[in-house]
């Protein structure tokens, strides 16, 4: 019997990166994602349990990160808040990536008037600040996570579609595409089976970076009191709630969510850029 | 073809006695993550006014050899040996001397002129840039010289104001040659300089290079995969295989009577206009992989003359003198006596 | 006289003010081999792309076994029918294969499209054997193969559909001499075995001599000379063909004379030799 130690490629790929910053960021991203997924089970306390008598207490054994002005446990709110704070950007990125890739690929492949129409109309969105669009939509449709997510997804779409379009245009020039056409494959088949898998990694790396930006934009909206309903734990909302506490000389309940936002955004950008780099190098 | 006389005005016999402008001795280049050196003891000389061809297939190390003359080594490469340009060791130079070498003493012409020139700048800027920045020549003076050089390569000074996109490939390669000559180099390295050109344009560029060599006395190292071209333009030829020089000698002798099985096989594999039609004598197999270690002769696995000795022991150079007082014909093969003339091979 | 599989007549294609292809006509006999020779800008590659349907002509007709096959086709059935008649091998073996797809998957994909519902394993082995690739390369990705091996894969992929015509666009130009000879021999063997006809696009007269029966010389979109390869190369009629032949480096080569001849031809009107251009090929 042969004794061959097989190692799954997925694990070895995680092991190769030596850069400590990347490893640290990847670890942090994993931590935040796990916290969001497992929040109901690992949250140390009920994030919405109000204890006015204990308001603005410092860190203690019962509340390691302290409590806010309504006496709610900050750590519990951070952990539970990770859900909304990640779910929103996830929606933004998923929608903008899917729609952006579809539009970009269609524009690049078909060319001609369709390319002009699609490219110009997505570029119109550039002229309109995403945050402003979101504020407008929320003002019309009222509170809720859906409105700002849709608005930001529309605002992020042109970045993805423009990137996809240029990648597909370059890929289309490659003779292997001509080879498949001569073989009798349909354009749709070639796009789905060959072009998209080849440009996919680059687009996904870009989307990871977009995730960080979307997170900060959504947190900004929450901070303005738009989007997330008042009682839902959310990092942006927590900064807003902690604002009054800062004036009373107790900044801790606002600082924690700020730290969480900044670290998560930085971690996602580092990871995304690293992936983009690696994809670029593999193409050499 | 019935005429056997070679073109070219310089006599190969003279060039051997002249002091070399390029002298490579025992150059050994290692790259990271390879099992054997990519260049394994390369010896090569080019005299002033001499045209030397370096022939080989992709991966043979011919381009690395020519690039190491300007110390343009790949990242992580370690080099041993001596690479002397006009008497100075390139591998031991400091940064200042190296810059002087690259801007003056030696110049290189690349395969794809369009990739080697900034498409947004005018031809004039491209030609004068190095002169103005490195020697502080005033712009007008530099421009005048650039105009002269363009005339020398068969263009008009009006091209100074053109952009690269407005010139054809052949014209652009002339511009590259003019640029290479701006620093009055003693040595010109042409790395597949005519490969990307059409065959009729190639003739023009080759004619031009020959003229300029005669006029300026520049030594010319012509790196190419084209045996026919090497045979017609050069005085001496080096044939490379797997990082080693396997055969070297005067061009006419070497191609008329190759003594290394690889040279003979390459000649036989080339589709020619003057050979009988039909199947070609292909060389079976692949060149050795860089990741595999080499024992003995690198060509042995593909060689029809190979014996047990060939896989055991790397051959030493054998020297043949095909004519009295003629330049040396060196062959790294155990069985060079068995190799018959290229044309009857197979 | 052998049956004609490909008949091209009066092909025209303009890009802006440039006549890339200007009144090109030729035909290819069943199992024959026709070379199209020319320098860059001669229109030889555009002609090839029109013939396989990657581009549409402004004017002119392409008939394959008597069926009209001009321009892009609509619909799956027509697409597959054309693909089964004519296939193409491209110049750069490093770019003509999808970097993500293994050798076996490349062939399986094609076989599945054209011959669904058959056991493909045997046919794949057969194809690999036909192009001289061992079974060890089955699972290899393009980047693990050498240039020559990749070109063999591309040839196997084209042969998978058993086409009547194979268009080879500079298919050996990017290969080293020793590998090029292997591929040229392989192509000769395949033609002898399968009776596929070749349309061989190249700039290399040595290669043309080696693999074609008839040849067309193109310059600036027009056919300047056509005829049996042996005759055209031995006794060229058109000055441009003569210049091309003289430009090939060989003993006694005089680059100055070629440069002068090229300039002379450049200034002369580029009038094609019409009578010569059609007589021998449209047989």
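Remarks
We just call them A, B and C in the order they show up, numbering each chain from 1.
Assume a residue touches a chain if its C-beta (ideal position, glycine included) is under 8 Å from a C-beta of that chain, and two chains touch if they have at least 3 such contacts.
Keep in mind the model is a prediction, meaning the values are calculated, not measured.
Both subunit B and subunit C are touched by no common chain. Taking the CA centroid of subunit B as reference, the farthest chain centroid is that of A. If you average the CA atoms of subunit B and of subunit C, the two centres end up 31 Å from each other.
A separation of 50 Å divides the Cα centre of subunit A from that of subunit C. Our note on geometry: subunit A versus subunit B, Cα centroid distance of 54 Å, whole angstroms.
None of the residues of subunit A touches two or more other chains.
Against subunit A, the residues of subunit C that register as touching in their complex are 49, 52-54, 76, 79-80, 82-84, 86-88, 90-92, 95-101, 109-110, 113-114, 154, 157, 161. Of all the residues in subunit B, the ones that touch subunit C in their complex are 1, 3-7, 57-58, 169, 198-204, 206-207, 210, 225-229, 231-233, 265-266, 269-274, 277-284, 286. For subunit C in complex with subunit B, the residues that touch the partner chain are 39-40, 146-148, 176-182, 184-185, 188, 203-207, 209-210, 230, 233, 243-245, 247-256, 258-259, 262.
Taken in their complex, subunit A has these residues touching subunit C: 174-176, 178-186, 193-194, 197-198.
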